[in-house]
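The following pair of complexes shares a single chain, chain A, combined with chain B in the former and chain C in the latter.
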Partner chain A sequence: MPHVMEVCTMALPVKATKTIDARGSFCPGPLMELIGYIRTAPVGEVIEVLSTDTGSRTDIPHWTQKAGHEFIGVESRGDHDAIIVRKTH
Partner chain B sequence: MADRMSLVVFSGTVDRLFPVSILASGAVANGMDVEIFLTFWGLEAFRKGRPQTNMKMSADYQELAPMMMQLMQEKHVPSWYETLQKAKKLGNVKVYACTMTLDLMGLKKEDLDPIVDGFAGVGEFVDRAKDSKITLFI
Partner chain C sequence: MAGPARILILGGGVGGTIVANKLARLLRAREAQITLVDSTGQHIYQPGFLPVVFGWSEPEALIKKERALLSKRVALRVEVVDRVDPKAQLVHLATGEQLPYDYLILATGARLDLDALPGVEAAHHFYTLEAALRLRAALLQFRGGRIVIGVGGLPYKCPPAPLEAALLLDYWLRKRGLRDKTAIEWLSPIGRAFTLEAVSPAIEEQLRARGIEFRTFFNAETVDPKAREVRSLEGETVKYDLLIIVPPHRGASVVERSGLGDRQGWLPTDRETLQVKGYENVYALGDGTNLPLSKAGSTAHFEAPIIAKRIAAQIRGETPTATYDGHVMCFFESGFGKGMILDFAYDRPPVARKPTRRAHWGKLLFNRLYWEAVAKARL
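This part shows the complex of A and B:
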């Protein structure tokens, strides 16, 4: 199983147009929030999920790729991560 | 045709109800359907009003219960019931009450929490579970 564990400490060159703040939420919280939101999101939207749950770093990329959307990357922002994805369909 | 996860919920303590809703959420996240079969103490836990008042913890871990409950409150962990409601909203999750337990306890649909979708006998449940990718007993 491919493991995406590269976490950027610099900002990725993409601007999110939607932020889902799931900090403090426990697995499967952040992922479920993303799934719930992405259904109604406009195609092409770049979404960042803010999470303090380390499971999200692998859960979200895995789900995103399985669902056919684009996984852009994980940014470390000190006390939380920003997991960035794009809705492709 | 989506893959399915079948869950037999025999337990009625809060600590064991958490994995029910978390597993259901994981299944939904994987695009799977979920069928939950409530029996014995699992059915008891879904009586009208019970999800909101149930504070039971496994007897073996009773002394850890207050600490666990406090931790969950402090960290704003959603209740097992809320997590199950969320899974139901995001995916195809069906909750069925075991007719044997229902009859034994003399219960009817009105006595059960609205999240319960219907009833099933063990024969029907097993017939469906044999085609499920994952079947678990909690």
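This part shows the complex of A and C:
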């Protein structure tokens, strides 16, 4: 289980080519939006999930790594987070 | 423009029916001509599928003629649509007829994509009436073993439904005296049992109390009917005797044929105005959008008045002001005559609730009121 101790307030040096805007999403929630999208995404795509749900900071990295993708980091953008992952297979 | 504005609605499910009826109330005949196109002319109450599985509802009670639900001011065409041409503002029917429009509302819903999950034909589900009846027949023959309930693709209609199925199965098997011969396992696609974080701990407590196993981060990827195993994309394998899988979902084929949808066929929709992105005069609601909201009847119910008001304003040359706030309300049945009402919006998280008898009866009342009050846009 990854420890997400740091949330960056500066932009991470990676550009996302897909944004999933899951702000204000309670059900099904940001993680489910990511899982749904990532299955049809091209391999190598960098995806940012915008979330107002603080649980996303841990559950998205957790799932990403369990599913064998790359968790890049979390950027704080004021009133929401951008959780950035890369599809690796 | 000369004459009444032509409003075309594709799809006669919850969203299409309610928005058509709302528009008929808001606009006079000289202001708008409203036409709804549906491929079957039948309106099916989908929340009834799960009760059908357990014999608590009869299929006939779930189907009504769409014409009976629509205001007289709404013309109904029972036709298959081939594609939409938003640049030409035309809808092409499968017969070749073209329907021009000034405003288009896409209420085309979600469809099941059984091809997307290898081996899924070996699994049961309850997302069509036929499948619900097949599952009912299988359960009536069931004499014990391992029942596994999982999810084959995201998003899907009614996020709580498979968890409700697990809880109701526990209840039903106890009544039939088969519970001690049965293991029930719920395979949750996320890191907890239930989608709503505020409510999940209480649900997990119920699962434990009722001896329902669950595991997390299990997204079903293939089914091996010979080995009776379901494998997840996270690399785990679970054995079953009876498997219930929520099938993968996609947007409607007409959306894909028209080149309007994203990779899964969902319509890119503005979360507040409900306009399809890139078009001033095309709106979407219900299961067919790409919004990060529950695919639920209540979502379409709350979206419909927003679209009706915006189109009315556009027709009258006014600035539309109505915006959708993400409101969703769901009933969650947990068996033993109890349920929960879950209510939330973009800016308002759901509140943890305990299952109550009142919520269960509320759901039963809603089921009865649906035809007269909800579909006809009186509520």
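Definition applied: the second predicted complex is superposed on the first by the 85 of 89 C-alpha atoms of A that agree within 3 Å, B and C clash if a C-alpha of one lies under 4 Å from a C-alpha of the other, contacts with A are read in each partner's own complex, and residues count from 1 in each chain.
Criterion: a residue touches a chain if its C-beta (ideal position, glycine included) is under 8 Å from a C-beta of that chain, and two chains touch if they have at least 3 such contacts.
Keep in mind that this is a model prediction, so the values were computed, not measured.
By the touch criterion defined above, A:63 reaches both chain B and chain C.
Contacts of A:21 after superposition: chain C is touched, whereas chain B is not reached. Contacts of A:46 after superposition: neither chain B nor chain C is touched.
In the superposed model, A:55 makes contact with chain C only, not with chain B. After superposition on the shared chain, chain A has more residues touched by C, the comparison being chain B against chain C.
Once chain A of one complex is fitted onto chain A of the other, the partner contacts of A:32 extend to both chain B and chain C. For the contact definition in use here, the residues of chain A common to its chain B contact set and its chain C contact set are 24-26, 28-29, 31-32, 35-36, 59, 63, 66-67. Against chain B, the residues of chain A that register as touching in their complex are 24-26, 28-29, 31-32, 35-36, 59, 63, 66-67.
The part of chain C that touches chain A in the complex is made up of residues 153-155, 159, 189-191, 195-197, 217, 219, 233-235, 263-264, 271, 292-294, 326, 328, 330, 342, 344-347, 349-350.
Across the complex, chain A meets chain C through its residues 20-33, 35-37, 39-41, 53, 55, 59, 62-63, 66-68. Interface residues of chain B facing chain A in the complex, by the touch rule stated above, are 22, 25-26, 28-31, 75-78, 86-87, 89-90.
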